[in-house]
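These notes open a run of structures that come right after.
Shared between the two complexes below is subunit A, which pairs with subunit B and subunit C, respectively.
Right after this comes the complex of A and B.
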């Protein structure tokens, strides 16, 4: 299931993939990883430079706000795109 | 390109032959044209920041770390070593401040040496635009650098310029997952009757290893670093190939050599080459 990153504010859970524009250099991505790790409930993070995306695994029983994720990506200096719930596929 | 690299001192010398300089230039040019040709035939991935040219990307080690490098400078009439510490800090994601502290050791031929801290620089950068796409980013910033005459200029050879200097630069870059192109142009206003100068740099970067995160990257760069000095002094232009290894999230090693293509320095005071060896460490 994909969601419009700009308007949908439903809570996120399970595994989600977020498109991140501007992710052109691995050495730039540390801030993105660090920022997303700060979100309570995020269990692990996988950054895929080739695909320009981030895989977030949210701990069982936890939910995180979509707006929080988008804001953390912007703070890290990147442009967030669509969010896809992997668990719904 | 730092003007301090080119204006150390002037005295006597026994010099290098012009034919030797031309041969060095021709051989180096052929080597790097060959490398570039080979690289263009490979599948390229993303790369790191250029070695001699500034980058508009204030992320990773460029905004949360420290950088230090040593310049081994060979001139016709002297040898010098310059160790530089650069500490940037991001106030916001678009605004950065920082300082540059150089330590110099200069050994002219036939006279006594000098060593000590050079002119301190303080800079600020502000991102003007950012256009991101999938695996691409186009960014530009304005940079203001103030140089303070903290280096000792009362003894020879001098360690400082004895002048306040202000540089306003525009730094642009287009980075994709396959290559990076960077450009910088700046105008330096120098006090104490020193001539102003126009700084211009361009860099192209190519990675040699597949991209992944955490990074394990080997990158090569080819740069042109220029500095046109007004008041009829002339143009300095360097061809600057370099190589860079990014070892994980927080550590980067790099090295490059600057070979003069044109040198406005007086005869017998010209630059033979500048070798840079450095590291960047992410700490914040």
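Right after this comes the complex of A and C.
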């Protein structure tokens, strides 16, 4: 529990891009999309198979913990890479 | 004496024909170019034309042999390995755990007595339905409303790891056991009968098709298609003009292969 608290530094909001290793396979990529859709507050998901990245759009006024996102990626069988936060403006 | 000679000549010509058939190899013939921004995932033949799923664009497109678009079905949330049988197009909708049937312009849900989690592929033959249940690591087999589950998550013989496609051949089921990099063969009771391709270097075995004497399997990540005889013995490896194959389809003397990473379908002929 302490470890989670240490890694979960700031909540995510707006648009974020996550690099994911092994996203080339469509069956797995869309499986990850299915998993991420289950997170409360996710408005839309863009899967980029060519670049191996996921664009997550979080609904206005909502926040999601980084750990929740990372856990969903791991649940789908992937290794999450860099998370890049983008301004929604 | 004449009769004996006639029988001898007939027998020799039969042997020659058989040898000739066995000598034939699948050879690259051409590509069907598709519209831009298309990513063909799975193919089904409907008379002279094809339906293919394009999950990237949430749609299915019907094309003729030249690639000209004839019809479309839109708004399907990631359509995967489709099937066509007796005038019905079966479409697994990956994101909603649904399977849809399209017939004469109408859409209705497939009556399935078990809930798949991310259906990746299916095969319907009469009153027998087999579904590759991707996230449950099993096959749902429904025969006359009676459901049997085949396989469970794992890497041992008889276990499955993210199955993507399934084909019924007689009373036998062939499963593309994708992330175990093999095909497993089961009877209708779930007893494993054969394991194919384990030594052939597969990296994601994602689709299966049959003709009379052979079956073909896509080796997705290696951009290959492997041809086996019905005993599971490797006959030929195809790689020319194949780019990330996600489905394969025999049609008489032609073999069609979807190139998911480009907007085309490659076809081979038997020579």
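One rule holds for everything that comes next: the second predicted complex is superposed on the first by the 79 of 89 C-alpha atoms of A that agree within 3 Å, B and C clash if a C-alpha of one lies under 4 Å from a C-alpha of the other, contacts with A are read in each partner's own complex, and residues count from 1 in each chain.
The rule we apply is simple: a contact is a pair of C-beta atoms (placed from the backbone, for glycine too) under 8 Å apart; a residue touches a chain by one contact, two chains touch by 3 or more.
Note that the coordinates shown come from a computational prediction; the quantities given were computed from them, not determined experimentally.
Subunit B and subunit C, once both complexes are superposed via subunit A, clash.
After overlaying the two complexes on the shared chain, residue contacts for A:19 are found with subunit B alone; subunit C is out of touch. Among subunit B and subunit C, the chain that touches a larger number of residues in subunit A is B. When the two complexes are overlaid on their common chain A, residue A:78 makes contact with subunit B while staying clear of subunit C.
When the shared chain is aligned, subunit B comes close enough to touch A:52, but subunit C does not. In the superposition on chain A, contact is made by A:37 with subunit C only, not with subunit B. Of the two partner chains, both subunit B and subunit C are touched by A:27.
When the two complexes are laid over each other on chain A, subunit A has residues 24-28, 30-31, 33, 49 in contact with both subunit B and subunit C. On subunit A, the positions that touch subunit B within their shared complex are 19, 21-31, 33, 47-50, 52, 74-79, 81. Residues 24-28, 30-31, 33-34, 37, 49 of subunit A are the ones touching subunit C in the complex.
Those residues of subunit B whose C-beta lies close enough to touch subunit A in the complex are 45-49, 57-64, 93, 130, 132-137, 175-177, 180, 211-215, 217, 246, 249-250, 252, 282. Contact residues on subunit C toward subunit A in their complex (touch as defined above): 39, 41, 55-56, 78, 80, 94-95, 118, 120, 134-135, 162, 164, 178, 204, 206, 220-221, 244, 246, 260.
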